[in-house]
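Common to both upcoming complexes is chain A, partnered first by chain B, then by chain C.
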Partner chain A sequence: MISSPTRYRSILALVAAGLILVVAPGAFAAIQGVTGTSFNLVARQDRITLGDGDSMLMWGYANGAGRMQYPGPTLILQQGVPVTVKLTNQLPAAAGNVSIVFPGHQVTAVGGVSGVLTREAVVGDPEGVTYAFTPTEPGTYIYHSGTRMDLQVEMGLVGAIIVRSTTASTSGCPNLGAAFNNLAGGDPRCLETKYAYNHAGTGYHREFLFFQTDLDPKLHRLVEFGRFNRIDTTEGFATCWFLNGRNFPDTLAEAGVPWLPTQPYNCSPIMRPGETILVRMVTATRDPHPLHFHGNHVRVIARDGRMLSSGPGNGPDLSFENYTVIGNPGQTVDALFTWTGEGMGWDIYGHAPGDPEQPYEVLADHGTPFPVVLPARDDLVLGQFYSGSPFMGSQGSLPPGHPGLNAAGGFFFMWHSHTEKELSNNNIFPGGLITLLNVVPWTAELPVE
Partner chain B sequence: MRSKCLIGLQILLLALAVSATTADRCHGVTFDLRVGQSTLTMPDGIVVTVWGFGLANGPITVPGPVLEVPPGDSELIVNLSNELPVPVSLVIPGLSLPSNNAGPVWTDWPQETQVWTGSRPAGNYTARVRSFVHEAPARVGSTPGTATYVWNNMKPGTYLYQTGTTPSSQLQMGLYGALKQDATAGPPRQAYGATTVFDREQILVFSAIDPVMNEAISGGNFGPGKLVTSTKNYLPKYFLINGKAWPDKALARVNACTPLLANERVLLRFLNAGYDTFVPVFQGPYLSIRAEDGHLYPYFREQYSIELAAGKTFDAWVQPMADGVYPIFDRRLHVTNAGSSSPGGMIAHLVVGSPAGTDTEGPLVTAADAAPNPIAGPTSVTLVATADDVSTGCSNIAGGEWWIGADPGVGSGTPVSALDGAFDSSVEGLTATIDIGGLRIGTATMSVRARDAQGNWGPVTTFLLKDIVSITSVTYARATIQVVATTSSSSRMVLRSPEYPRARFTFRRRTNDYRAIIRRVPVNPGVISVTSSGGGSDTKPVPFP
Partner chain C sequence: MGKMRGSGIVVLVSALLLVSGAALAQNLMVQCPGDTDGDMIPDLPGYENVVCKHVTAGDGYAVMPDGKLMYTFGFSEVPAGTTEPRVFAERQLKAEFTGPHIVLREGDELYLNLTNVGMVARPDLFDAHSVHWHGIPNQGSIFDGLPESAPTVVIGATFPYYYSTAGRPGTYFYHCHVEVSEHMQMGMVGALDVLPAQDGTPIGGFTKFAYNDGDGSTGYDVSKTLILAGFDSNFHDKHIRVQPLPFADMLDDYHTINGRGYPDTINPNPLGSVPENNNHFSQKHDSVITVNQNQRLLLRIANISTTHLFTVRVLGIPMKVVGLDAKLLRNGATDLYFDTDSVTVSGGQAADVLLDTTNVAPGTYFFYTTNVGELINGGEERGGMMTEIVVCPPGGCA
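The block that comes next holds the complex of A and B.
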């Protein structure tokens, strides 16, 4: 086989319709959002593009003068630092008032008019409503409209909040124990360990948002055509499912691509063996979407922004492993995930016994041969993410016409809703609530978080 | 309720504060529950027929009265008195009935002409279970069917009591309520033990209504071969907390009868009597979820939301630190009344501080009707209504009055009596005997209002004495429906068919009935309904030629 270190950057731009586009380094990992202590959100009407090419009318939150986006801007806050969120309403008059509720936070609202759940911004009122709160605890949270929620949440007035803990990051490399080829503590390749909550048991190297929504096109068309008297949300029937506002395969396109101007966030988790990633799940819809980790297990450490803990100082000692995680409507779930190839029973790098070990390689499998004889290349039907080799970090020959989407020789795992009908875009499979985790070798170049 | 403990106990309706005392050597408590029909009026004015529970001689409510078993009692006895035309039974998920109370009851479904109890009848592979436990039979004439249920395994917790008979139809009709037992009566009160000390509690029963189902089930049109064959197409339109949908006043201050002060420890008891999962979100401090299905957690869960699946109960502890309004809403977004654009459904406000002050509002009268109604002709009827001051100041009901036609002025109507004989609660059944000789059925408007102990008269509730409409003949041939109907009222009624609003019914003096000929009906519609301006209606299948 041919082994070659590769650059990873050029891969994802190929995904959407095979277009080759300019790639902004560092834009495809981590969680995008807006930081600060004073936010200016504007409710606006705009359109999004569905995975089947359809265009859908939406209401959503825009960051200041920007376009409406779906979901709304992810607010990245610091634990203990008070914030204000000003909301003004530039929706069409027929949309009526709009507001924001912040479940889990104790909010004071000033301005606007009083509503059932909070104060509301009237269409066209430049003063709007200002919400103020202090995020006292770190974690993952949701915000959404508190006005005519059955329609406005469906229309897209939803967003995520991330509250960073006050625990400082630590440097050094993970030590997974004697069974692995751990990197030396000072190896410059290792990322800092960040802490989701204020406990050592919540450390992670990379984080990804899984903001789950769905959509019933019928309701959006009734809004678009002004047929508000025909809207009955008790009969809603979703046919499109989203991660971070995009249907698969758009979930894999880079963040901020120009052809999805109102869907700036992607959902494309990537990691190196031995690293720990934090999966921040938010369910914004009226139905749960059981997120399945397909051949893997995650450790659930928090729900609704609170560590699963038996008591102060005990850390996430009530955490548990799942291969499918249910976030109930309006809930958030945080889970940690790590991957080494442990238990495969063969050397995932295809080493000969005397070859040097890769970082975090499972020592017991080093040099253990691949257990089957692969058929000849042209006897196989190759998936788009097959590198030409079954071994991590390796390439093999690919037939003419293969898109070659796995330039790093990574291992791809499909992470998706286990409500299988949600893996479609308006009845077209595959689509919907799917993304791919890419585990790439340490030889691949990845953006620093 | 009768307690063998022979101590003062309080029976609580809906969501009243509790301060029962405890005593050693308590062994049992007995509730006499009636099962009957009533109505709920939704915020958009739709009146839904429901079945519910009531205490002996008390009004039928949905949910039923809160049954509180005193701390320490190990035995619970319920005497059921069934006024419905179908058999019912009683189960409490989480508390098994001893074998002498168990069924199941089998029938030769769907005819239901034969009944077996216990094991499946030998050799019979077509019998179906109708009830999980033994039944209180349907009423015969005006005599209710009765049954007694004995639980000897009571333990502290929050439970749902509900019908155990064809729950797929009867439960959604409203046959459910909350049952609770505390560990100690305090003070301070403990729900399960030392880790669940609380000062106040609020019961929140979640449920939903599909009005199509309620109409079919109460009208005898539900089941195989009937208009609505099953709950397969259950599609709820109204979403209730404690039997009410926002913006009902009872939810604008859901703790109207439980004044809360800042820093008080509040136990919220969540119950789901519906068929779907609801996810209540509490907007305020985090809930500390401390028990599920009547079982105390070893470690508590800090969440702002609860996965409240059908049939489950959760006890959540919260301590609001400041005066204010703390909303509760269903995050599955059942926050509309049948698609209304204004907020509806499962929204409630828990109000802390700002005491309600003196009661200046009179009680509401709900579920007002006559028995029998519809009726055939001049006779006397019994007024049935419920006076409810829970959302209007929470004083006791002190009286009420009725009249026919124009309002005679406050206090000038004919007095009503308390159904249970004494006006001593904030929710009372009202009753009166009304001579309707000389009235024309279908045009007589009956009015009721009630007064609370503070002397406040409430708003007027009216209803109509309805005529009996009967479709006597319906045929379908050559794309034409001919339908003949009668009413128990006079020839001056206006009959219509909701399916064919342009069809004209003409009165035929010779046969004393009404006939409509509906042409250009290319497909047999299956059923046809006729409604009268007198309020009555009938529905019949349309036969094929």
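The block that comes next holds the complex of A and C.
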């Protein structure tokens, strides 16, 4: 049961997201972030917009002169290349000192004042603290405030670090074996294979960040009203859940949209059959969140920036497959996902036996008829991402009023928290920790990564 | 099987259609290829691997061990031979918690027909329903049950789901994905096991296995599927009182295994029959586990709670985890099995756990959540997520 105003608002938001999908498909690419070796982060106070339309006071990290963002800027580093991160504190005086810790790295800190975990930046001090480290291992990491963490991380002082491996990308098309219609090695449509870690078993074509956070509005309101003596974080009870700083359906909107100025990152994975996605999952929450992957299993290849490996040169030989991955507070997970439709037992393109095959089509199912007769349209509720056809790349008839958000005839799969209460925005369903993977046919136009 | 379908025209079977012609009963069109006599069992050659089921989705009631009546949504299986005009009359208010336990053999093709019979106690609702086979590899959107990307079925109509199981043994479950936080909290969940093709072949002293291990290392003598789930009584009470639903406050206070809290878990009889659901047994699945000493027990443990992760333990019998999320724990030739005394299963996860009772003294052993605060049935202590494993002497219990 959904109350109608809520349903209406959600649909509007989905329509907005869908229009962007259709009009400007160029913005899905890769992971947004800042690169370089010298970063200038500034802690500031600002506001974010929740999926239910509410506005929430936050503290967060800004990239230099920019606005605070939630989560903080994703720092994209190179393995072995030293970096410095200068932090200054422009939070309100009541927020007190602020700092950054970098789990997984050996850090030296200079300037500021001594704190419990690391050196801290004092409000208004233009010199701040400078942290320096060399990321020795590739992978996905978290950074967050090391000061009064129970409140400051909740308030938004948290971000992701990606350390790129030293292994060079390779060109060529995936060869999935004789069961598939592999593209020829030099086909220009194929993306380069990049390597999350320094081993061939960690290759991927597209990568997406899944930064999981949650929020208790009560705490943020007490901060906003200056009632610091009333704040008791032991009573925190999250009612809003985020992927890359946004609630569903805002997760699907384009990155950098002007109406979400402090939530620049989206979470809108997309792929073509036979490609491999790298899921970079970071969890910075009060509670663990089980992320469930519709469509297929993922292979978990690393935790906390360390490949699941029995020893040097062995690659991710301790990796395993899950259909749901627990994101534990403060941890990161890297996982690989691919989709072909293998084993479904029918031709996903609706081919007749003599038709030409699609790239990475499952040859055994070529021309195998669709196994059921679908009910009449009036017997069905048609989801906004249903194309009207069960076949990939096809369209079918849709009733008047259907938003038609699946212009490419893709297969949409939900990736979401399986603690299902987290699919809401402060008591409003649907929302929260949801996004949709879109598997699109090779005939669709996609951005170059 | 695909080739056998030839022209691609599915044999649509319903007793009514055969008798009265195709003009009637458009809405309740149950599909079972190869079935010629309407018993949902294929008769024609070439359809030996086809398994047909007819399941309804609607509302009903369950009863907690402390007597608390819980309004629910759920699934229920339509007995073979129920003619389609009778489905509505006979299957309303028969929601079960947990739903029908589906067991398939690898290689089966499942035609799962879902009829939406509506919510009798909430006639103001017109929700669609669906089946999401949780965890099936390489699914297509059309049969994924996701209301955003697939058709879902309105009250009075039937949707045919098709699933191929070749290469897909393991422990799964299914649930409705429409308005999923609500419908799952309300009870629309059920167990789904796919037995491996290796079953029946003697390997390592066993003929039943969790997976196609090739070496008998996942072999077992006795198995039990344990679905961990729960109810937030506040949510269910507000639901039947037609109040705004408390999503933000949702927190289960009744914790169950296979739809029952302890001690109902060890009651071998069907439960949940009350006047409110026309005396339908809405809680059919016990968690009674009996094994003989020196036998191996497989527990298929899945968590479908909408609010809780659970760690579970068997007091006195160590665990060996051999599978997670319907995958054998093996990478190449290397087993990644691990020995443990407890296993954590989040919402949406499943674990395959072997218990070896070699030299385990006959007696009663407890399976329970070590989240000990959840050993409750609402306000009643010494209940909740717990059941008993009875280890009998080698020859069996008297």
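One rule holds in what follows: the second predicted complex is superposed on the first by the 422 of 449 C-alpha atoms of A that agree within 3 Å, B and C clash if a C-alpha of one lies under 4 Å from a C-alpha of the other, contacts with A are read in each partner's own complex, and residues count from 1 in each chain.
To be clear about the criterion, contacts are C-beta pairs under 8 Å (C-beta built on N, C-alpha and C of every residue); 3 or more make two chains touch, one makes a residue touch a chain.
These figures come from a predicted structure and were not determined experimentally.
When both complexes are overlaid on chain A, chain B and chain C end up sitting side by side without clashing. In the superposed model, A:His294 makes contact with chain C only, not with chain B.
Look at A:Leu117: by the touch rule set out above, it reaches chain B but stays clear of chain C. In the overlay built on the shared chain, the residue A:Asp232 is in contact with chain B alone; chain C does not reach it.
After the chain A superposition, the centres of chain B and chain C are separated by 70° when viewed from the C-alpha centre of chain A, nearest 10.
The partner of chain A that touches more of its residues, comparing chain B with chain C, is C.
Of the two partner chains, neither chain B nor chain C is touched by A:Ala132. Once the two complexes are laid over each other on the shared chain, residue contacts for A:Leu176 go to neither chain B nor chain C. In the superposition on chain A, A:Trp339 contacts chain C only, with no contact to chain B. Applying the stated contact rule after C-alpha superposition, one finds that A:Leu318 touches each of chain B and chain C. When the two complexes are overlaid on their common chain A, residue A:Val34 makes contact with neither chain B nor chain C. By the touch criterion defined above, A:Gln106 reaches chain B but does not reach chain C.
After superposing the two complexes on chain A, the shortest C-alpha to C-alpha distance between chain B and chain C comes to 6 Å.
Common to the chain B and chain C contact sets on chain A are residues 310, 318. The residues of chain A lying in touch with chain C in their complex are 1-3, 239, 288, 290, 292, 294-297, 310, 317-324, 326, 339-346, 348, 365, 368-376, 378-386, 390, 392, 406, 411-414, 417-421, 423-424, 426-430, 436. The touching residues of chain B, counted against chain A in their complex, run 235-237, 246-247, 277, 279, 281, 283-286, 299, 301-305, 307, 327, 329, 331-336, 338-339, 341-343, 347. Across the interface of their complex, chain A is touched by residues 1-3, 5, 7-8, 10, 12, 26-27, 29, 31, 33, 109, 111, 122, 125, 127-128, 132, 134-135, 137-142, 144, 146-154, 156-162, 164, 166-168, 177, 179-182, 184-185, 239, 244-251, 305-309, 324-327, 329, 331-332, 334, 336, 344, 346-349 of chain C.
Only residues 96, 101, 103-104, 106, 115-118, 147-151, 153-154, 228, 231-235, 286-287, 303-304, 306, 308-311, 318, 328-331 of chain A touch chain B when the two sit together in their complex.
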